């Protein structure tokens, strides 16, 4: 367990319930956080440095939930040490570096899974199965909306790589997962939520058009702020039907007074709690059965490529074909 | 009542229930259809030629539901004769002709209303009121989806002006109604439903990006075929909330057997029945009170301009600013 | 058209759109109301007395929307004159009188339809068809809830026959329509809305248990007040599935701000508008085709019997079997 | 942890995530099950006999998930040993025995919580809070429906105490939780699902009318079989609004093909998973803070009393007042 921050703790709680997983060590430079997680996890060892944990011979697999800029290095170290890796997205913000790290992972043959948890969210997983079973025929249109309740801090945004790499990438992975490879993108962006976001060169409101290799057309709309909570809706339309994933309301309590009302999800932890559990369960099941984990290296690479193409399109104010991003 | 075809008959039934309206004459070259409508409407006179009906001094207002290519000429005649006009969309497929006819209408000062019925559909009308009341703050994003159950005949499509002028224009008017003026469009299209549609130079699957003058971003997705019925969903997202108009299912009957299921709307007549009634009621109420009907000449003109810009963008594979279309 | 009050006007508007129906005469002692309806309906004759309209030889069928206590007498007159009858519920509040009038109708062989409009409401009609097609297998449980937005005036309540005859009877007819004959009832009532309702010997909150002849169990819950609007929900549960008719919200506009919210139906006119149209259309179609109208004499009689049994059960604080009410 | 069967394992998994709880010992006569749970829970001790676990001085609190007929005895033992008790419902099927055990618990002053998990289900807990805050005014009507996907085995049913004690008791507790004390019941039952259930003197389809001390009226409808899955719906109606708890569908995936469809919950574990977690968390939080756990002894006793009154009403075919059941 590398990293004992918010996401790390969430994973820690999940790990507790997974029979196949036994946590040997927790690593986090914040000693208190590391000890707290270790105690929760009944882990015997606590390290300040993730490198030490990776080197520990009792460790067979690492779950990386450290700051983003450490991911690439830790994946490399773990690969070289022959340890299986589960890593929160992204591997890196740079295509060349990501490609190099993913190549090393492939070369070393270590099991690798990237944390696109939505693939394990039951409605998304079922939609995928339905599409593969031909339930909606040929996919023709795709719409994904994701809006966060509030923007992250400017400090976070400044190193986030921009909204397409940081936020849209989940919808991008979802597009690849449900529809297939993307050939061309056209990104439009605006600063509507906070002028400070514009000042650091980013946007907070986007409209990303996708043209898929199979001929389908799609759009991803993101916003950094939705006052009513976390908003995630995905629609896949095909020649024989459509599938809609739209988790509203959160609680099955309906209030009738002046009209009808219900509640709403607050944020992604809230909405995708089960998905976070299921993806880790899947990772350890893959390890136990020797199957190749998914989403894997290719998924980490290709989603980043699309996000970079979107960023390029936004800057250059023109459609960008994927082959331009190498 | 000019035209006693499908739409004409629908309007005829509506007119019966409107106290302010008394149908004097019905005109349709198909004698049988004209007589049938006249009988239903208790109208005394039946004309083969709409021109004769317009000329009839007992006629104060005309409801035009004739074939599209006659609209411009009949509006002109009615304007010159000083008669109020309600006309199904479009006025014409050509911006110059539309501008000329609308200018004549303005010059003559005759009341004019264009049949964008969705503005009178209760949820859309209420959404408009909510937006104007500031309920969702500044509008930031717009998504409109409209999918027809099945494509029209190729004969129809060949003179329709293309999918943006024929189908998307309803969502375009809706975008202007709920968000405001559009500055720039980027249209992507594909032939996914029927290759024959591609052969006549049209597309059947579209993704139209909109940049509004107020900074909001939007997308309109249309398809000529949805196997499950008519699909209309509109979402307006703002700084203080969002509004969603999504009429599913049609009937409040839920079936529980192997899961839960419900029915769906079949087509626009089915879905917007009440809107068709309300728009005509509004027209005669405007006449009775002397108010200027809405949507009017400007709305007919501007929606066409956006549809033409979309057509241009599709052909030239690039974003098109509205000022390019003159 | 006998009676030009609120319900009469509603029917009048409906009649306008029915091709088979031509309104010859309107009768209402309130001259102004009668003339208004006649003008709307393009009816040539206006009578103050319904008897005169019934006697008019040009009249083939009468639509009775007069005050409740005149129904029995007018049905009798029309039957004796050989005119078809559509009558708002109830025929009378007394079983003996109702039986006598219905017998006369049968004897004279005049077509007769009672205004239980809900049978023509699309979801209810579809539920009936689904049940008859065996979609939910054997019916085992039934739940009907109907709550009015606000109680009627005390004047109205004093001659209404009590809540079971006045309000519950629609759910009772619905129970017979969807499940079958009732064998035994147990009624509980309370005064929760307005003590004045208790003072005139009525209740405003009820819980009516039904045991059906086919072994199914049911419950009808009614209230004279629901602050959020008209509340009608019906659930039929069977060995192979269940059907739920629940018309919320009214408008397909969803508002997301602090949670999600939507509107609600205001009252029965609002909710069952289409059913009122469809039942009259059916009546004239029955006349045109010579079919026996439904719901008919037996339905008028049996629903009253159940409502009277409920009233007796409430008073005598014990279950009452239907055969006790003769 | 007493009992390592299905429910025991579920609780075990929950206990893992609760910081305040540390599992010292697991007891189950099935050695394999006991060891499996102990291993999952990292518990050091394994006992075959629950008595031994209770006697263990390191044990401060016991979670009882053993067979129903052992509950009373184990609660007694734990009380005498001064251990806090969390016990699955019911304490016993007999009012006298339940009263005696609950009195001992009170006398010994040990913290006691009964497993009516629905009180901790978020929509139910929020409904309770809304009612207490006066959001719906005075409660006037209550409707609870619960239908199991399939009946348990006849062996289970024969010792279950009948449907009211075994199944309805959850809705009964819910009625008390949301509305208040019950004064009178009237139970109707039928055998519709399986004649064998009738042969052992039980029913499988029920309609239980409730009159509350505060004047409200209610109904509970249960069935032992719903082919579409687990069906739980609760509605509380008051003078200022209503609350509906209705968890359909399970997954936010909507399929549009021939109409719209969605999935449904399978059974109570599935539906109330979070409630099972929250009730145990609450128990250990109560212990940690010294608060009195809820639902407690009085709740165990009074729900049983109502279930027994329902059973008596069914047998004697008459309304039964609660004071008759002593």
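Each chain carries a letter (A, B, C and D) given by its place in the written order, and its residues are counted from 1.
The definition used in the following text is that contacts are C-beta pairs under 8 Å (C-beta built on N, C-alpha and C of every residue); 3 or more make two chains touch, one makes a residue touch a chain.
Computed from a predicted structure; not experimentally measured.
Centroid distances built from C-alpha atoms place B farthest away from chain D. Among the pairs A-B and B-C, the greater number of C-beta contacts is found at A-B.
For the pair chain A and chain C, the distance between C-alpha centroids works out to 57 Å.
Work out the mean CA point of chain B and of chain C, and you get 39 Å between them.
In chain D, the residues that touch at least two other chains are 226-228, 231, 240-242, 248, 256-257. Viewed as a network of touching protein chains, the structure reduces to a complete graph with every chain in contact with every other. Interface residues of chain A facing chain B in the complex, by the touch rule stated above, are 137-138, 140-141, 143, 145, 147, 186, 188-190, 192-193, 205-207, 209, 211, 215-219, 221, 223, 225-228, 231, 235, 237, 239-242, 317-319. Those residues of chain D that touch chain B in the shared complex are 226-228, 231, 248-249, 256-264. Those residues of chain D that touch chain A in the complex are listed here as 13, 16-17, 19, 40, 42, 122-123, 126-127, 130, 135-136, 240-248, 251-257.
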